[in-house]
Amino acid sequence: MELSFIRDSFVQLLAGAPLTLELTAIAFAIGVVLAMLLALMRLSRFAVIRGAADAYVFVIRGTPLLVQIFLIYYGLGQFRATLQSLGLWYFFREAYWCGILALSLNSAAYGSEVVRGALASVSLREIEAAKSCGMSGMLLYRRIILPLALRQALPAYGNELILMVKATSLVSIITMMEITGIAARLIADTYRPVEVFIAAGAIYLLINFVLTRLVALLDWWLTPHLRAAASPSARLESSNG
Amino acid sequence: MIDLLNLLSFGQEGWGLSLLTAALVTVAVAVCGFLIGTVIGALIAWAKLAGNLPLRIGADAYTTILRGVPDLLVIYLFYFGGSLFTTWLFHLSGSEGFVGVPPFVAGASAIGVIGAAYQAEVFRGAFRALSKGEIEAGMSVGMSRFLLFRRIIAPQVVQYALPGIGNVWQMALKESALISVTGLVELLRQSQIAAGSTRKPFEFYLIAGAIFLVITWLSQQIFAWLDRRASRSLRREVR
Amino acid sequence: MAEPENPTPVVSLRGLRKSFGALDVLKGISLDAWKGDVIAILGSSGSGKSTMLRCINLLETPSAGEISIGGETVKLKKHGHELAIADQRQVDALRTKTAMVFQSFNLWSHMTILENLIEAPVHVQHRPKPEAVAEAMALLEKVGIADKCDAYPSHLSGGQQQRAAIARALAMHPQVMLFDEPTSALDPERVGEVLKVIRTLAGEGRTMLVVTHEIGFAREVANRVVFLHQGVIEEDGPAETVFNHSKSERFRSFIANTRNS
């Protein structure tokens, strides 16, 4: 093992970090929106909507992400003519967009479980209290249920974010040169898998560490009521203010 | 529809038999990886619970690294790194040339080593759920350490850990698809081959997904059954 | 006090000390329990009474002193400033002679009540299973929960669980029964059913050490009372004498306070 080689690899691999972060951010953002939609569908009054959402989650969680990526990137290529006539080919011929699509669809299914758990954790008493003040429908959701659920979901959803960082590595198989893609090329060129693994692993651990800290910070900021109480006088002042 | 059935037929023209064989390879590599992960995971959990400071730090580092690094990187490490290692061993014995590690071995080891990081947390959680009083009761009737472990601790750890173990198994099953990058002809690799030769990737990846789904569903049923059996003592009696 | 016709005491403690870190819980306890003794061990919380009981069952290793069960002295060795168990096999064997009944029952939650009862007889004492099952059923009959033999502990009320735990202790044919506050974790309306079982056992002439807060029960059932205060035995004598003519100011105020509460 050579330290200088690890250092050189580290620098080369770092060039892939922006793409990893970009894929993570875009797919994660779309995934969150879809996850909330799915979670609401699973609470629907209509059995068809509930069933569709449940089936979606079951299928996505029951199959490997790589199969989903291949199905979208290679599988849909079979319908090139149709997609061209619909004007969608520009989207589906790009590994980048196919990767983002697969990652967000995948993340949505796992995320919806977290959201569902969080919504279920909102206590009936707090909902009843809001109803007794005359809140209902969207207002009840917007002011009471969603804020409470968000705080509940945050730690578990932070976990989803880390999983997303790791999952982006799979798009290297469909030619994207993010960190793992560069790592695979370096290994093939130099045949020094241990050094490359150490360098790439260090970058991923660094990214995860920073993201975990950020989520923890957000959690702390969103949950003032769970922090140790300030001194009584300070509390009084802030409630007066 | 007829086309699909032809593609799947077990005859000369169809891919049925190859896909079925590949599905068995998928299950085999996942099961081997899962078992390796269970053994290593138990050791890591033990190190975390009972080890001295260096052991605990080592175990924590293990779980942090393997849960933070993409599985694909670990698979590359085992496949290419494993081959370097076997070649080195071969050269030690005085022979020349390159010896690759079989993809199945590299794949099962990688799945096992990754799964162990998650399995360790499952076992540790289950261990912590054990009642100290029940263990004391075992000691108070004169059980030896081994008997106490076999009769009181192990059955309860398994009972508490079973749902988590089921999750780790599902992960192992899905990770096995990544082993296709090493050229092991498991379900996804076989589908790639079939897709390439028939130019019907959509159908074959769909079929691969469907077979994965069936295996997932079946194993869910098995774990649910095991869980019902194991947690009889936890449920309230229905009268 | 029961007559020492057999000159060896069932339990004998000599100069027993136990400290947890800087905290001295037992500061030199000497006590002999003879066959047929029913000893109520009283004392305020923190007086060391539970620790003493746990030392007899070797759940705690004493820091100094000597413990003998049925005349056999527990082999202890020096380990720094503390003592350590020298022969684990001897300890395992002695533990089967001193059956413990815990405050929180500690039934094994993954086994049915019957399985709980035959576990130690079959796997520790290696008795034939059919014999152990027959005896376990008789014991469950005796404590009044034979119909619950196939239920799991979580399906039973606290009182039923404690009766099962007593039956589990009896199934080992112990020379002495150690009760560690057996009714403290029970609902008030469940206390009676457990005390009734203990009373029956006392009537059978079994040797028992009972750590308890139930003064009335101690007065009625025990033939001997030991009062611990800050890790030392402050009173030790026949129940009748101790309760009515105690010279210890501390004991009298302890009794008075307990009655009022």
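Per-chain residue numbering starts at 1, and chain names A, B and C are given in the order in which the chains are listed.
Here is the rule we go by: contacts are C-beta pairs under 8 Å (C-beta built on N, C-alpha and C of every residue); 3 or more make two chains touch, one makes a residue touch a chain.
Computed from a predicted model, the values in this text were never measured in an experiment.
> Measuring between Cα centroids, which chain is at the maximum distance from chain A?
Farthest from chain A by mean C-alpha position: C.
> If I average the C-alpha coordinates per chain and also across every protein chain shown, which chain's average lies closest to the global one?
Given all protein C-alpha atoms shown, the central chain works out to be B.
> How big is the gap, in whole Å, between where the Cα atoms of chain A centre and where those of chain B centre?
That gives a centre separation of 24 Å.
> Just the number, please: Cα centre separation of chain A and chain C in whole Å.
Taking the mean C-alpha position of each chain, the two centres sit 57 Å apart.
> Any idea how many Å lie between the Cα centroids of chain B and chain C?
47
> Got the chain A residues that touch at least 2 other chains?
Answer for chain A, listing residues that touch two or more other chains: there are none.
> Contact residues on chain B for chain A in the complex?
Those residues of chain B that touch chain A are 64-65, 68-74, 76-77, 79-81, 84, 174-178, 180-181, 188, 191-192, 195, 199-202, 205-206, 208-209, 212-213, 216-217.
> Spell out the part of chain C that touches chain B in their complex, as residue ranges.
57, 59, 88-89, 91-96, 98-100, 102, 104-112, 119-120, 123-124, 151-155, 165, 168, 172
> Using the touch rule from the top, collect the residues of chain B that touch chain C in their complex.
Spelled out, the residues of chain B in touch with chain C are 131, 133-134, 136-145, 147, 151-152, 155-156, 159, 232-237.
> Using the touch rule from the top, collect the residues of chain A that touch chain B in their complex.
Where chain A meets chain B, its residues are 58-59, 61-68, 70-71, 74-79, 162, 165-170, 172-173, 180, 183-184, 187, 191, 193-194, 196-197, 200-201, 204-205, 208.
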